[in-house]
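As written, the chains take the letters A, B, C and D, and residue 1 is the first residue of each chain.
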Amino acid sequence: MRIAVLTSGGDAPGMNAAVRAVTRTAIYKGMEVMGVKKGFAGLMTGEFKKMCSRDVGSILSLGGTILLTARAPEFSSEEGINRALASLKKYQIDALVVIGGNGSQRGSNDLHKKGFPVVGIASTIDNDVYGTHSTIGFDTALNNAVGAIDKIRDTATSHQRVFVVEVMGRDRGILALHCGIAVGADCIVIPERSFNINQISEKIKGNFELGKKHFIVVLAEGAAKAEKFADALQLVSGIHASISVLGYLQRGGNPTFQDRFLATNFGVNSVQLIEQKKFGYIVGVQNNHVVHIPMEDVATNIKPIDENLFELQKYLCI
Amino acid sequence: MRIAVLTSGGDAPGMNAAVRAVTRTAIYKGMEVMGVKKGFAGLMTGEFKKMCSRDVGSILSLGGTILLTARAPEFSSEEGINRALASLKKYQIDALVVIGGNGSQRGSNDLHKKGFPVVGIASTIDNDVYGTHSTIGFDTALNNAVGAIDKIRDTATSHQRVFVVEVMGRDRGILALHCGIAVGADCIVIPERSFNINQISEKIKGNFELGKKHFIVVLAEGAAKAEKFADALQLVSGIHASISVLGYLQRGGNPTFQDRFLATNFGVNSVQLIEQKKFGYIVGVQNNHVVHIPMEDVATNIKPIDENLFELQKYLCI
Amino acid sequence: MRIAVLTSGGDAPGMNAAVRAVTRTAIYKGMEVMGVKKGFAGLMTGEFKKMCSRDVGSILSLGGTILLTARAPEFSSEEGINRALASLKKYQIDALVVIGGNGSQRGSNDLHKKGFPVVGIASTIDNDVYGTHSTIGFDTALNNAVGAIDKIRDTATSHQRVFVVEVMGRDRGILALHCGIAVGADCIVIPERSFNINQISEKIKGNFELGKKHFIVVLAEGAAKAEKFADALQLVSGIHASISVLGYLQRGGNPTFQDRFLATNFGVNSVQLIEQKKFGYIVGVQNNHVVHIPMEDVATNIKPIDENLFELQKYLCI
Amino acid sequence: MRIAVLTSGGDAPGMNAAVRAVTRTAIYKGMEVMGVKKGFAGLMTGEFKKMCSRDVGSILSLGGTILLTARAPEFSSEEGINRALASLKKYQIDALVVIGGNGSQRGSNDLHKKGFPVVGIASTIDNDVYGTHSTIGFDTALNNAVGAIDKIRDTATSHQRVFVVEVMGRDRGILALHCGIAVGADCIVIPERSFNINQISEKIKGNFELGKKHFIVVLAEGAAKAEKFADALQLVSGIHASISVLGYLQRGGNPTFQDRFLATNFGVNSVQLIEQKKFGYIVGVQNNHVVHIPMEDVATNIKPIDENLFELQKYLCI
């Protein structure tokens, strides 16, 4: 039996740990493993490379992905999928493991619907994949963001200043919401909820009157850009806010324990799924157990946010 | 209403985040909060101090515990408990929150059985509290250990050497097992399972023949001391191993996202329990939801290890 | 004898270590110490607070400044200086230690020229103070920037992308230049040197042809804003670059060894200067020895950049 | 022209950065570069490998050494040196760069005295090479130690305890002394100075009376083993101390800015020395400029410690 593995979409810390787990588990079970370079782009152009146990030595602790990743808009077309299927046939691949987030798993589903045996592994720093409590990369991204905001807080406190910190999350505020709780943000703004700049202005004034030395807004990029938000705050209330856009540093770096652990579990489990010929599922986690979510469900459902976290925050910013 | 809060047993990163959440949530709900210094020792000697919102400002990200902790063997005696009850009466405390691990929560249970309203919060780097998937401090300790072993691996690889790394865990191997998976340990030794030094010697030789450049044993201190283990290895097989005892650095440092998040949730929840007059429970987490475990269950049950993790490891060390 | 100490201008990691060293050394030598809150602003409004040994316990490892800092444009006026002198007289201060960068030390010089005994300590993440090889905060800021760019490189490599990373440095490129060498930047752009976008475009193409998987530009904010730079690159060459503005996270966080060590040496030395009644000097470092730079020299000279570093970089980006 | 490069002795963070700088600078200047595996051991057995620009891509930020290192006691014999010379002849090497500490540079000197063109690069976490202010690896080791002791201090403070922390330094206390200053150690014990356990006991008692919450001894392993030291303290004064042996984690991990910067400068400079046919020197740093120290001087002189640092410490532990 011969399987292929690829990483797709935005890179996420822990992807390498998943590639290692897939590769070694498959070899342990007597399969051959091919790595596909550059995600679906390399699947279409046929960039395959044989993977041995030593090829994945010491990648467990590295950020990014040794298999590389790339955008591949052509893949969503009928022609793109056919080119991919042709490559998979040419290299005599019996099953494919796709490590990536929502967009990538839609691609997995397209291949699956064409009848090709595919297993997905939920990996994205956004943690927005339906049906799984967490995804590979989320914990590292959170810790990166928390570490950066801890540093910014030193300056905010020293200068008794308002800071607007923009974190990743084009469509969703899951990262912003969790990160905001963990840094003790005074205000969390996410796309899933409207915000009122007047109320925020009142809260800022109130907090400084309480003797707090800083006011930190954690803002998901999808809710508003930091610069725009700060401009509005200035206009409405005359309050000046410094801004910081965390950007790409959130997605890199050595994966945390959680992401290595999740990635290792997901990787081993995906090969077990292949052994059992159970295809068309995304490997995720629920209740601390690995679960298998039908690709169709992932493609058609939206992961809800945990509304209770707003309740929590209310108690803490006093 | 007036509540008291204390931290007890070994310090764990995130204890301060829990103290902050307890304090602010209680104040938000109109309660008064007293901090007890030095755990049960200070409870007996009456070291109480009023806590305001500002007293817990900027402690969210600090390791250790601002309330201090201490050993208090006298507390297990009838007399000790009575002295504690007298202090609680003197300071007119209506309910007590105890942040700590197994030993500390046995103390909580003793007070509870005497009829005093107590709520516990599961906090220990060992993660050995029955009924909760995780405890405050475990994730930070794991990341500390993983970070240290990543560094040691640089030397192990550069010198093509065997390393025996001793991690915390006097009675239990939960930390060693998780940490071993996340660093790609070639061998994990824990108190819950016997080990065979001859088999380990064979595995070492086999791995170097496979072209691996290092062999890392992660050893829970309760299974064997690193020095003894290395001596036995030398005796049995003539293989020299370097040793490293990680020790106390595992328990300190800024808490990770997970520990801040858990601590904040636990802290808020413990005050809600008090509001509901639901006493005699430990606040923990199951299936990503906060749960309440009867103190009696915690005192009388042992948390099992996840045997599947050994299965995982088998596939990965090739 | 009674001295006062303040921190001024942008906060820098290690300022607290300097405050601790000033405070304890002065107390050791029998002086009284007053801390001035919010820099020159607090000097004018008289925000003084007595400092004891315990007040500076465990601040050695904290970023920011416990004495706070603030902008104080009024201080540059005759009236502002007179208000400051009045406060110093009111609190019976015999000498003042000013911890800060170029702008702050111009303020020190103003007080000095009015005859007040002042000693300065060179502290700014920009390392642009004339006459000293390094300043408190520079090493931590560099390590913060290097750590962030290491993470960004994971993504740059995984996506085979061009990245433009904007680092601090409104007027000077000293931080960008050093940081660029340490991260292996393919191109460093600083205000002190003109750049040619066409040449950079050619270099980008050349590097990818050599098989390099990323191209990283480290850009001092004073040379160009990252967004503008990326737009120009797109226009001239059609090459798309991702951007990252590191911003405030560079100035915060626990100080590194170097900054704690420098701050401790500078702090002790500033009190020795006061003992010797040697005023009007900035404490800095040359040839690994503490030096005293006349305030007038600092105010009137510009620190040169090390041109050899460009020579270095030439060899390394191949 | 063809040069060879090797790393020898204990691995040090930044060695890879030096290998990269040597390799790329030499290639830039039209030389061929061979990497020697496992230090002098590989030099004797002829483990040479051609190095290209891409081979040293992305190693700048990695700890350890990709060229590996090993003990080679045979090298000190006449026969060992002759075997090494034979390998160098066989591979037609015109000059050799040796990256390592005192012991390794004695080996360089042996080759040099035999007439082979050698250049050394000072690299050891001990910073005990005569004639250079710093060595590659020292700054990272210091920051590793400082970071670990910061964590231990959380526990020391929370438990109001005495801690004895043993840091690396078999013969010298340079690392212990610098590290002790930067963590605010209450007592620093190094091999170059005798210590009095009675005086230390008195100081411990005095400090706790002053209201300090911990007492931290930083101990160079060459002065006493932590366990022995703690036993003596217990015996003499009845004071219990917890111990921590930092060990190998000090030598690993991603190099800091300083070590990357130093390594890059040293690497480029060593190739310039070869170009100028200036052999028999170790590349080091003095007064922030690269210097060349005759190998004979390094072999016959001992680097002094900075006695002033003890003076500093006196003021700070109050």
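Definition applied: a residue touches a chain if its C-beta (ideal position, glycine included) is under 8 Å from a C-beta of that chain, and two chains touch if they have at least 3 such contacts.
Not measured: the values here are computed from a predicted model.
Taking the mean Cα position of each chain as its centre, D sits at the greatest distance from subunit A.
After Cα superposition, the angle needed to carry subunit C onto subunit D is 180 degrees, rounded to a multiple of 5. Centre-to-centre spacing of subunit C and subunit D amounts to 28 Å, using the average Cα coordinate of each chain.
One finds 39 Å separating the Cα centroids of subunit A and subunit D. Mean C-alpha position of subunit A lies 35 Å from that of subunit C. Contacts with at least two other chains are made by residues 150, 153, 157, 213 of subunit C. Per the contact rule defined earlier, chains pair up in contact as A-B, A-C, B-D, C-D. Residue ranges of subunit B in contact with subunit D, taken from their complex: 7, 10-11, 13, 38, 62-65, 68-70, 144, 148, 150-155, 157-160, 163, 213, 242-249, 251-253. Per the touch definition, subunit A reaches subunit B in the complex via residues 20-21, 24-25, 27-29, 53-54, 57-58, 60-61, 133, 139, 142-143, 146, 150, 153, 157, 178-179, 181-184, 210-213, 254, 256-258, 260-261, 264-265, 268, 286-288, 312, 314-316, 318.
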